[in-house]
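Following are the structures in question.
First chain A sits with chain B, and in the next complex the same chain sits with chain C.
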Partner chain A sequence: YKPLCFPLASTAERRGGRCPSALTRLGPFSDSGKQELIMAKSNASDAQALVRSLRSAYAATPTNLKIIDLYVVFAIATAIIQVVYMGIVGSFPFNSFLSGVLSCVGTAVLAVCLRIQVNKENKEFKDLPPERAFADFVLCNLVLHLVIMNFLG
Partner chain B sequence: MGAKAENGPKPPPPVSSPPPLKALVKLKTKQQELLIRAAALALIYVLAFAIRLFSVLRYESMIHEFDPYFNYRTTLFLTRNGFYEFWNWFDSESWYPLGRIIGGTLYPGLMVTAALIYRALRFLTFAVHIREVCVLTAPFFASNTTLVAYFFGKEIWDAGAGLVAAALIAICPGYISRSVAGSYDNEGVAIFALLFTFYLFVKAVNTGSLSWSLASAFGYFYMVSAWGGYVFIINLIPLYVLVLLVTGRYSMRLYVAYNCMYVLGMMLAMQIRFVGFQHVQSGEHMAAMGVFFLMQVFYFLYWVKDMLNDTKLFQSFLQITLTCAIGVGTLALGIGMASGYISPWTGRFYSLLDPTYAKDHIPIIASVSEHQPTAWSSFMFDFHILLILFPAGLYFCFKRLSDATIFIVMYGLTSMYFASVMVRLILVAAPAVCLISAIAISATIKNLTTLIRKKSKAALTVSSKATSNLKASAKALLDQSLPFQRNGAIAVLVGAFYLLSRYAIHCTWVTSEAYSSPSIVLAARGAHGGRVIFDDYREAYYWLRQNTPPDAKVMSWWDYGYQITAMGNRTVIVDNNTWNNTHIATVGRAMSSYEHEAYEIMQSLDVDYVLVVFGGLTGYSSDDINKFLWMVRIGGGVFPVIKEPDYLVNGEYRVDKGAAPKMLNCLMYKLSYYRFGEVTTEYGKPTGYDRARGVEIGNKDIKLEYLEEAFTTSNWIIRIYKVKPRKNRW
Partner chain C sequence: MARNRGFVVGFAALICAALLSISAAASIRPISDAHRSAALELFVPVDGSFPSLEETYEALRTFQILGVGKTSDISGATCPVVLDKLRSSTSSPKEFFNALRLIGILGCQIGSQTFENVASHLQALIKDADSLMDLYYSVISLLHIKGQGVSAVLSDAEGVFHSIKALSQSDGRWRYDSNNAESSTYAAGIALEALASVVSLADAEVDQSKIGIVKHDIEKLFDSIKSYDDGTLYFDEKHVDGSEYKGPLTTTASVVRGVTAFAAVAGKLNIPGDKMLGLAKFFLSIGVPGSTKDLFHQIDALSCLESNRISIPLILSLPATVLSLTSKDQLKVEVTTVFGSAAPPLTVNLVQASSYDKNTPVLENQELQFDTENNIHYLDILPLKIDVGMYTLEFEISLHDPENLNIYATGGRTNALAFLTGTIKVDKAQIGVFDSDAESAATMQKLDLSQDNRISLAANHLQRMRLTFQLVTPLGHNFKPHQVFLKLRHESKVEHIFALESSARQFKIILDFLGLVEKFYYLSGRYEIELAIGDAAMENSFLRVLGYIDLDLPEPPEKASRPPPQPVDPYSRFGPKPEISHIFRSPEKRPPKELSFAFLALTLVPLVGFLIGLLRLGVNFKGFPSSSVPALFSILFHAGIAAVLLLYGLFWLKLDLFTTLKALGLLGVFLIFVGHRTLSHHASTSAKLKTN
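Here is the complex of A and B:
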């Protein structure tokens, strides 16, 4: 029984089997090169498949959740802009910087909590009326921003 | 005449309201139970307040110890001058000539609470003095803690455990030690805030509601404003979240609870000036931030996994995200710690992780008696049977694991570790131990009583059915073995009640004997058994207040600084805040030098009076001669000219004839034993017999060149000396 030494052989066969000498000199290199190329191709296709499936899954979420997600993205983007600005200008009134960044991060986090409580797929929150979730959200934001205004200096 | 009653309809009975007791019995069982619970809680509330009043009844309503005097002085300032002045107060009467920024270096929770209670009472036209409010603040908050313990126990286990927890914590000596009437210290309010915050957080995790998380953020804010021990909360809660994530109990409720509490709690905590930016800059708070970011990554991955139904794709996504997140996280942490932006753990908290650190590196922290490791006897003294019930409670918690029981187990174990490292932290462990023991007691008693009641119910059913029934005979057979179980259950129940009654007796005895002494007034038994009171401290401080110029500066060891400023109303050089080690070392050096060297140091500090505490006449053992070696160590830590071996003889600390010559001539020795050589203290002993050390002093003929004696109290406990001005130069 002669082991087959195709370039596309599986790794198990390559490890265990013995190829004819002529092929063995060239075989492993060409095998591994081809293997890498195929892995890279599969990575790219994997990533594409990932992105595609993410997009299709996300498109299925209800509109109200998408609005909340947009708000979260906006808040985080504002926080990042503030951090970049601090990197350029320096952090001298540190309390102002902290209150700015934390108000963005805080409201983003509270919006995520709202999204969790309003999402119909979450079994734990099915008894919670969405109006109550929104009222809690508004109250927490109110407290957060009052404290921010005190801390802003 | 003897007419028989007819069998017709009877006339209706006279309508009258049934007596109250019958009305009580006529209530439904649920209402009866509620009434019993409410009555028990009310009694526990009053008990917690009443047991802390021993010292007020025995002595008078005054503030105890040292630290509470600072709190009292600041509260007085707050009520007189208003919050704005208080928040921006710079005090030039302590740490002369440096002064102290009081507004920015204290935890305002206690003072603001007492001031609010004072304002509320005044508004209701009760004309109380602020001192009375201060004295009774701690017992009032202890009563409130029992209520919180009841609700917390109800949340973790059931209402029965809650009641038992409230009863246990009302009289637990570990808690009483820092919350008696008169102990006006941060811990009195802080333990209430701690338990309250934990209760609100566990409630938030159980319900997943944003409003409960907001409430727990406010509870955390109150804790931060009250005590430096808030670091325990901000480390325990992230640890708890981590444990829940690791054990697979993650849920959406946890996300909502932790994130809301962390962000809002952090923002609120930064409003306290003393805490400042520590939540983003100090190593002690980084665990919370790390868990915050971890949660974001974790739940993001969880959400993506939910959306993608394909596991292979998700695996690759997981790998990419995890490597990115871990890489960024470690990079940020590394840069932060290496550049020094994130400060490492400070000495006080680092010594909790490494108990030997303070003794070698920071003598001031090591010298405080409350910071010593705990002995077994202290545990038994402070907890009694709770110590045995604690492992039993842990067993019950593990049997019925839920988010809430995991929390209380973690709180119990971590606080017990810290309690074993530092005596002072038994206070933090007390609520956890009470709650867990309450679970053990409640579960055991419940099981035993159901066993007893089930037996009697089974007996009833057997007797009512016909015995010829096969089932009934089988039950009768079963009944034969049950009497042993029933008797055993009754015996164990009686034993349990006996243990609990012993606990109550022990707690009352401990409170009465050990934890109700004001420390500023000493009591002893006279020769005929009558009580003798030593009120020397206040005598000395009032002498200072009335007989020295208003701008006089007093040098003493840092223990007495707060009391001198509060009661004597004079400027001090160092006080209990111990924020400046070099200044304290300067005073230590002055106390341990020869008189002429000390005079130079005192002139440089503008000292007018020196105050020392001396226990040789009365046998009072917490005096300055017993603390002297700490003065030498702290002074020697900054000024190498002071060497500890100079004061010891063969490693032994002596004050008699065989003492080291430097010891016999240093300032502290001279000031303590001036004129003591002429005094006979005990019948049959030579003059100059030091009753606290039990030896005859070595240097009886002391002459002072640069100081003169100004005042010695009636029992020689406090001695005040005036620093003479420089001689005129010709």
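Here is the complex of A and C:
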């Protein structure tokens, strides 16, 4: 069991010394004001370092996974725009709103499932050929969109 | 106003209803012009003729007896039909019968040769006839032919007599034929008429003993006579639901015809005159019938009774049953035959006149004088000092010639109901309001009810109102009318009716307002006072407004009953109703079009972003198979998906679910097949790449 450590972990855990090294720069409790300043400074630089590391890690992912991620972002963005529109004009043809939003969300979910199944690093789906996963994705999408078209009205 | 009139009319109707339920009242009148005009109204030919010969006979016979109408109009169209029936060899006895009895009335020109042919035809029919009706028709037809002057003789009169007589029953009724067990009174009348015709047609004298047996049958038949409460006698069938039931009028008419016809040929029958009188009264008590058949039977039967050999009924009737003392009417009595012809010399004696209510005789043994000019017996009642009221009169007829007793039936004592009316005087009428404890010191106003002056009174709930008056007949006695009512009507149309008490001397009513406060629903205000006095014997019955009284009643308590709602105009509910304005569901507010289009464009932006992102990621078609067959499958796969999406677009636009599902099924199967091939090819190529 590896506890997750947040920048403001409890003093007991810090004293216990179970957190990773980057965050044990925080010394023992002597002056509360000085500690907050140190925490704030370290938070900002920690965040920057986090983003940089995420970016570089993400650049290493295979292209097909990136395509799927882009698709998911596209679907969610469309959903958000529809929600904003409904927020402005009201939900009068509620079935249409639901249909639109759920189409986007549904296809995003299916894409996420595809990503999980296609990802080579995922040991659980080692034996599943990616084409099979893609066929499932296509079929599920078609069924989803049939229902969506019916509900659209 | 209509309600007030209805008030008095209602009382008069009550009295009339009471009258009609009185038995033994001779309200019958002999045949008069009312019957004659009814005959002309009922028997109306259509296009110069009647629908059938039977109806033609009924119409013409009625006209002939009553002495109205013209036969010349009818004969033009009917005579040819009659001639046709007589000349035809296939006519039935009934058709001969209908045709021949018209000849005497119509006066058609028919040669004696035709008659002789018909006569011989009838003789043959009589020999073969086995039912009563056939025998009847044939025999009567033969009699009519004889009546035209052509010699017609019944060869086997005894045999025919016997065959008719054979169908008789022991109770005086007859059967229609030997197969039918049902006996009928109507058939008895038919049979007697037929037997009478047989006797008159016979060439040799019919055996008297046989005639005697038939006379005996007639006496038996008369034993089954029925009577109504008012003394009229009639015949009816024993079973009302028989197949050939004809009502009492038709049955009685048939029996009367038969019996009088038989008496004409057979001599004196042993039937008491009272029965003949009862039968005559039965026919006359119908009044004026409303249908042609009823009128025919009534008139035909009465004409048989008018001059029959048993006894001719004499009808005693009163032309006027309401006699007025004011206009000095005389009591008039008519004694005539059923058709109003003169009776033999006789005297009418008023045996007793008694008051209807109390049954005490007021007159006894007054002989009526005879007015030869008008053929009326009359009596001056004014000098007899009879007061107004309703009286039962009992008359007795005595014939001058004792021989006539055998010929005429006078019927012993006859009862009649008469009204004696007069003007009733309202005397010593007084009305006044007084305090409860000061009755003797009350100031009463005198009322003159013959004039129309209105009094005005005022009272509060602690006072009382008193009304007194006397009613005096023309002879000075106290009069107690049928209805004496006082009505108080409030401004809001709420009415209260009180009956007046009568003592020996006067009529009095005292309204104690303290006790009546609740009855009046605590309504204060102006009440109109109305007095209603009415009686059948009173010529000046009235409903008069005496004036008004202003009543001051206390306030109603919480739980007092409300006055009943007054009737509204019943037609007001059919007037127009208030208009209904329908509220439709207001349509939802829709956003402006520009905003919707803006967001449509905005929704497409992520798609553009996606495509741009794909290009930046560097997508390529390197994975697309190069060789032709797999390439074709790939193309078909993508085309299939595109087709499905197009189908969805069409589904949204115009198709319905079932069509879509059908198409989708087909496309889906195709897509699965193609997709499997493509993807398995792709998988195998990538597996090859891996292993390599």
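In this section, the second predicted complex is superposed on the first by the 119 of 153 C-alpha atoms of A that agree within 3 Å, B and C clash if a C-alpha of one lies under 4 Å from a C-alpha of the other, contacts with A are read in each partner's own complex, and residues count from 1 in each chain.
To be clear about the criterion, a residue touches a chain if its C-beta (ideal position, glycine included) is under 8 Å from a C-beta of that chain, and two chains touch if they have at least 3 such contacts.
Values in this document were obtained by computation on a predicted structure and should not be read as measured data.
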item: Touching partner for A:58 - first (chain B), second (chain C), both, neither; value: first
item: Touched partner set for A:124, first chain B, second chain C, both or neither; value: first
item: Which superposed partner A:77 touches (first chain B, second chain C, both, neither); value: second
item: Partner chain in contact with A:137 - chain B first, chain C second, else both or neither; value: first
item: Which superposed partner A:68 touches (first chain B, second chain C, both, neither); value: neither
item: Residue contacts with chain A in the superposition, chain B compared against chain C; value: B
item: First (chain B), second (chain C), both or neither touched by A:150; value: both
item: Intersection of chain A interface sets (partners chain B, chain C); value: 150
item: Chain A contact footprint on chain B (complex, rising order); value: 208-211, 213-214, 217, 251-253, 255-256, 259-260, 263-264, 266-268, 270-271, 277, 280, 304, 306-310, 313, 316-317
item: Touching residues (chain side chain C, partner chain A) in the complex; value: 588-591, 595-596, 599, 602-603, 605-607, 609-610, 613-614, 617-619, 641, 644-645, 648, 651-652, 657, 660, 664, 668, 675-676, 679-680, 682-683, 686
item: Partner chain C, residues of chain A touching it in the complex; value: 63, 66-67, 70-71, 73-75, 77-78, 81-82, 85, 88-90, 92, 129-132, 134-135, 138, 142, 145-146, 149-150, 152
item: Partner chain B, residues of chain A touching it in the complex; value: 46-47, 49-50, 53-54, 57-58, 94-95, 98-99, 102, 105-106, 109-110, 112-114, 116-117, 121-122, 124-125, 128, 133, 136-137, 139-140, 143-144, 147-148, 150-151
